[in-house]
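Structures incoming, each one as structure tokens.
Two complexes come next, and they have one chain in common, chain A, joined by chain B in the first and chain C in the second.
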Partner chain A sequence: MSMTFEALCTSLESKPPVRLQVQDLSVTYSTSKGPVRAVSQINFDVEPGTNFGLVGESGCGKSTVVKSLMRLLPDSAKVGGKVLLDGKDVLAMDRKALAAVRWTQIALVTQSAMNSLDPVFTVGDQIVESIRAHVDVSHAVAWARAEQMFAMVGLPAERLREYPHQFSGGMRQRAVIAMAFSLNAGLLLADEPTTALDPIMQDQIMSRIRDIQQRLHRSMVLVTHDIAVVSETCETVAIMYAGRIVEMGPTRDVLNKAYHPYTMGLQNAFPRIRAKGESKPPLISISGGLPDLLHPPKGCRFEPRCPFSTERCRAEDPELRPVGTVMAACHHIDRAEEFRRAALKAETWRVEEDVQ
Partner chain B sequence: MRAYILRRLLQSMLVVFVVTTIMFFMFRVMPADPTTMFLEGGMTEEARQVLLEEWGLNGTLWEQYVRYMGNLLTGDFGNSFFYRKPAWDVLWPFIINTLWIAVPGLLLGAVIGSGLGMIVGWAPRGGKVERSGILLATIIRGAPSFVVGIMLLAIFSSWLNWVPGYGMGDPQGATGLMRYLNWDFAHHLILPLCAVIIFFIPENLLLMRSGVVEARTEDYIELVRAKGVSEGRVAWHAGRNSMLPLITWLFPALAETIAGIVVVEIVFSWPGVGRELVLAVVRQDYPVAQAAFFLMSIMIVLANLAADLTYSKLDPRVVYK
Partner chain C sequence: MSVETGDTVIEARDLKTHFKGHTGLISALLGGESETVHALDGVDLHIAKKEIVGIVGESGCGKSTLGMTLVRMHEPTSGNILFNGQDITHLSGGKLKSYRGAAQIIFQDPYSSLNPRLTVDQIIREPLDIHRIGTSAEKTERVAEVLSRVRMPPETYLHRYPSDLSGGQRQRVAIARALVLRPKLIVADEPVSMLDVSIQAGVLELLNVLSKELDLAVLYISHDIATVGYICDRVAVMYLGRVVEEGGSDDVMHTPLHPYTERLMAAVPSVDTSVPRQRVELQGEVPSPTDIPAGCRFAGRCPLAAELCHAVEPELYEPLPNHRVRCHLYLPADNDIPADLARPEFPENR
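== the complex of A and B ==
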């Protein structure tokens, strides 16, 4: 007996949010030049019904983390550690159990709005596919659910019959979001959901996601390089650098009172909203690039770009340690106050030409 | 859409007209005179003229051409010099024979080939399935087209003696459709049919494989997988997207392979239209050869049109105006 629309909605609405615990997660890609450790021993928890932000520059491994949570990485990636969804380890699941968990417990909003829908199927059919893969409902019932999801993201139901190429970028991203909520999964992974869109659309999409999250009370991991988005959306934030978490804690504390120089530098690189009368702070970029993960530095991975680096930073890799309400991986947590002041000045971040 | 089809049909007619014209003159400039081949010696000059007139070979080349095209418009392909009856009546049974091996052969070849291509394309890169699939397809594709046929004959006919190796059997007085609906015919059909299928598999396989290999890294495939559908369903998304380049190639290839079937017909002595065409050229039987080429050009032109129209069905992004 397949379910009626009402029964489907009732069963989906009663789903609790999921608790996510990530323990010692490591991802190693085997390449022709040798193993590359894209993610090393990451730990974080997402409490049920909260939003967790994962922030870092391109290539720091944040998308790799998200994909490994759903086991979407190619076979060339070796994933270690544990990904616990309400205590069950996703990484240890067999194929069948994994397929059952995908989309019912953990759903995904992918990065590129333009290419994440199959061009030769209608958008409605793709949403219906996600529903009928897991719940025994008729096509008509699944379609009604898709219409409901379209209404939630503000798209007219008749456009379900159209193909992705008939949608604008913003509409496509909304369709992908509608699909992500089709089974009301307890945990939503949003991998840079607004990167491909223009700023106005970015704002619309993010507030749409926030609204839905608030209403449905889901857990979410939001990956972004935009600190402003995180500060508006997430209770907790982790700053990633070169495959590691370098600072993590309540978003307000991390952003107001950073302990890691990278977090300070990252904030400088984004425009800030000023209080009245405050002078416009300059945008300061962090010079240099991410270290080569084939041959990672012996000491702190941020050391080559850090304006405050010392001999100890070069020799010794700092651990993530609690300090106040947050955790930070820096040898000089005690000098954070001094760093914060210096970090606001552009000349601090200016690289001196290497004379050899 | 209707305007597009109409325009394409007009273009197609132009192509057929040009091909027919070229065919007409090519046969006429060939350095041989059919009359010397077909006329018994000792015929009087007067009798020869009568025959020439009957065959449409009198008058200047230009006059012959105008007459030929005029007859063509009324569906008259002229009379065969060799069989001494209308070319169309000669060709028709041969065409039927060819269709028996061509249509199921091409369809099965396309289905089996693209199905295998999907499996090979979806298999792990650099693995056993991929490597052996590509190797096999390349060997078959690389071998001269008669080799497969001769090997089939050697194994299943000469050595195992399972099937006959020659012709299409004896209808034993059966007429109409019953000529074909009997065990003897099927027994004769199976080997040439297999040859056509095998002949057609490699290109389908390789094209489908490269399409799937390309599609499997697309973002939408990742999202389909994330939805928790079966792996076969994920592969179907990749395969469905890979059909587009396959179709562009498939339809014109169908028509070309009709010509390629000549080889199969000759190897298996299958009395098909391809084999008859070769014989007609050798016999300088112009009307039959020209009629066969005329039909072939129409098939190729229609196949191209069918490819374009199917393409718009398979890919919603394609719109014809």
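== the complex of A and C ==
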């Protein structure tokens, strides 16, 4: 006898949250030009029921991290380290164990997820199939669950009967978010889930995701370039640069009192809505770009763009170490106070010969 | 940022651009009737020298159509475009070509908008060749001049190919190319939305400086309301093909008048979480531009909608100096609308 709708909901809602521990994760892509070390020895924990933000510029390795948590990397990628889900290493699982974990324990929404719907099936049938692949319920019960998920993302239930091409991009993205939530996985991986949506939709979806995470005590890894979204959503944030975590800690502390010069630069570059009458602080960009990961610099990876670099920075790669309530990877964290003041000035970041 | 007005460069008067054709694959396959897309449906707008006007609004509301129509890449269906006071709505041939030199557009994608087989020098020089401007030496001089303007030393960049440039540098080259014909109007359609946050700032700041240095009128189209606050003097909010609110960017962002703008502004997340944000859910979907509702276009989603809203489309009223809004909440006392139609009312808590 398969489950009733009520039984399904109860069983899904009583699922425990998941603890994620990432230990010494490294990913190297082999390319025709040589090995690309996209992620180098990163460590972080996501406590059950909390949201963890991953921020950094395009190409710094965020999506590579997220894909390795789901074991979705191409064969050209070599992965090292451990990804522990409630203590069990995802990287060591066989295919059967992996299939049992995906979608029921970890679910993924990516920026381009809206293109992942199959054009020949209705959206409703696709959600129903993904539910029935993992739990023993009738078509009708799974359909009722799909209706519930559609309501959550603000789509009318009757549109479940439509095909993906009848949806706008934003509606497709919402349908995929509904699908990712349908089994109420303990850990949601969200890689720029709302970037393709306009501001109102973005805000509505993020606030729904937050509600569910809180109400059902779920965990989430949220990848975004929007530090405002992180500060509203995540208890903890990690700032990534060129495959490394360069700063990590409670979101409020990292965003208010940064220790790493890159974090300071990112904050200046991020446009904020000003209070009425407040004068416009200059928007300052960080000159230069990410280092070539085929030939990463010997010392600090941020050195070529850092206005505070010294001889030591060129020679030695700084380790991530605790300072105050956070962790930062910079040789000169003891001068952070001075850096923070200097970082607010546009001159500090001006590099003449190489404009961005 | 004070703006000397009276120097209007471009003006749109009740501008409309409608597209004919099948909108969906299904209706095309079924050979259904072709529908008219009212992409731009009656817009009034003006931009002065040294002024940056922002256009914001949901995806599909007609922002890009407005930009493309102003530079005459789309044929307007009705209304007028005035450039330096002259009506250019129906120019053609050589006159249209010279207008297109004076009104340039920059697009979102710095990766596909530059020809990968040409050097930076050739890319920027091309418009001069097309418009047959200057001798070879003069062209060389102009190319170097605009590259310096976008803060890229010519000796370093002239002979590079787009593939050797970062996204921010490519967008600077696109701007240099747009500047080489010495335009008076630049339409920048999401110019930084594909760039990383760490480098967006440089391109925005550049647009800002150039508009003042070169007396440019700039139309800045963007989803990202925070960036609009940084560089725009005025902002126009579009909804379903029309401007529903327009005013100084501080006024529109901090004292939005239209119920739609209010929700749009409330949806912008804030880094500072110590002040809780007043969030309002918006019901319903944006209506289709093929099927424009009678009355206020926002009525189907507006929590304040009253009988009048469904019956009569509001005009742009000006309840505050230089701050206009298309909403019946601001209906002036001397109106000729039948008194028996129930008016919308401000909610209690305002």
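As a convention for this text, the second predicted complex is superposed on the first by the 345 of 356 C-alpha atoms of A that agree within 3 Å, B and C clash if a C-alpha of one lies under 4 Å from a C-alpha of the other, contacts with A are read in each partner's own complex, and residues count from 1 in each chain.
One rule holds for everything that comes next: a residue touches a chain if its C-beta (ideal position, glycine included) is under 8 Å from a C-beta of that chain, and two chains touch if they have at least 3 such contacts.
Computed from a prediction, not measured in an experiment: that's the story for all the values here.
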Which partner chains sit in contact with A:His165 here, chain B, chain C, both or neither? Use first/second/both/neither. both
For A:Met152, using the defined touch cut-off, is the partner it touches chain B, chain C, both, or neither? Pick first, second, both or neither. neither
Going by the contact rule set out at the top, does A:Leu344 touch chain B (first), chain C (second), both, or neither? neither
For A:Ser285, select first, second, both or neither according to whether it touches chain B, chain C, the two together, or no partner. second
May I ask you to name which of chain B and chain C touches more residues of chain A? C
May I ask you to decide whether A:Met3 touches chain B, chain C, both, or neither, giving the answer as first, second, both or neither? neither
Which of the two partners, first being chain B and second being chain C, lies in contact with A:Glu232: first, second, both, or neither? second
Would you check which partner chain A:Glu57 touches, where first means chain B only, second means chain C only, and both and neither mean what they say? second
Could you tell me if A:Asp118 is touching chain B, chain C, both of them or neither one (first, second, both, neither)? first
So the chain A residues that chain B and chain C both touch are 165
Which residues, counting only chain C, touch chain A once they are in their complex? 24-26, 58-60, 151-153, 156, 166, 168-169, 172, 196-202, 204-205, 223-227, 229-230, 250, 253-255, 263-273, 277, 279, 281-282
Quick check: in the complex, which residue numbers of chain A touch chain B? 67, 70, 72, 75, 95, 98-104, 107-108, 110-112, 115-121, 129-130, 133-134, 163, 165, 176, 179
Give every residue of chain B touching chain A within the complex, in rising order. 124, 218-220, 222-231, 233, 237, 240-241, 244, 314-317
Give the list of chain A residues in touch with chain C in this complex. 57-58, 165-166, 168-170, 197-204, 206-207, 225-229, 231-232, 252, 255, 265-266, 268-277, 280, 282-287, 289, 353, 355-356
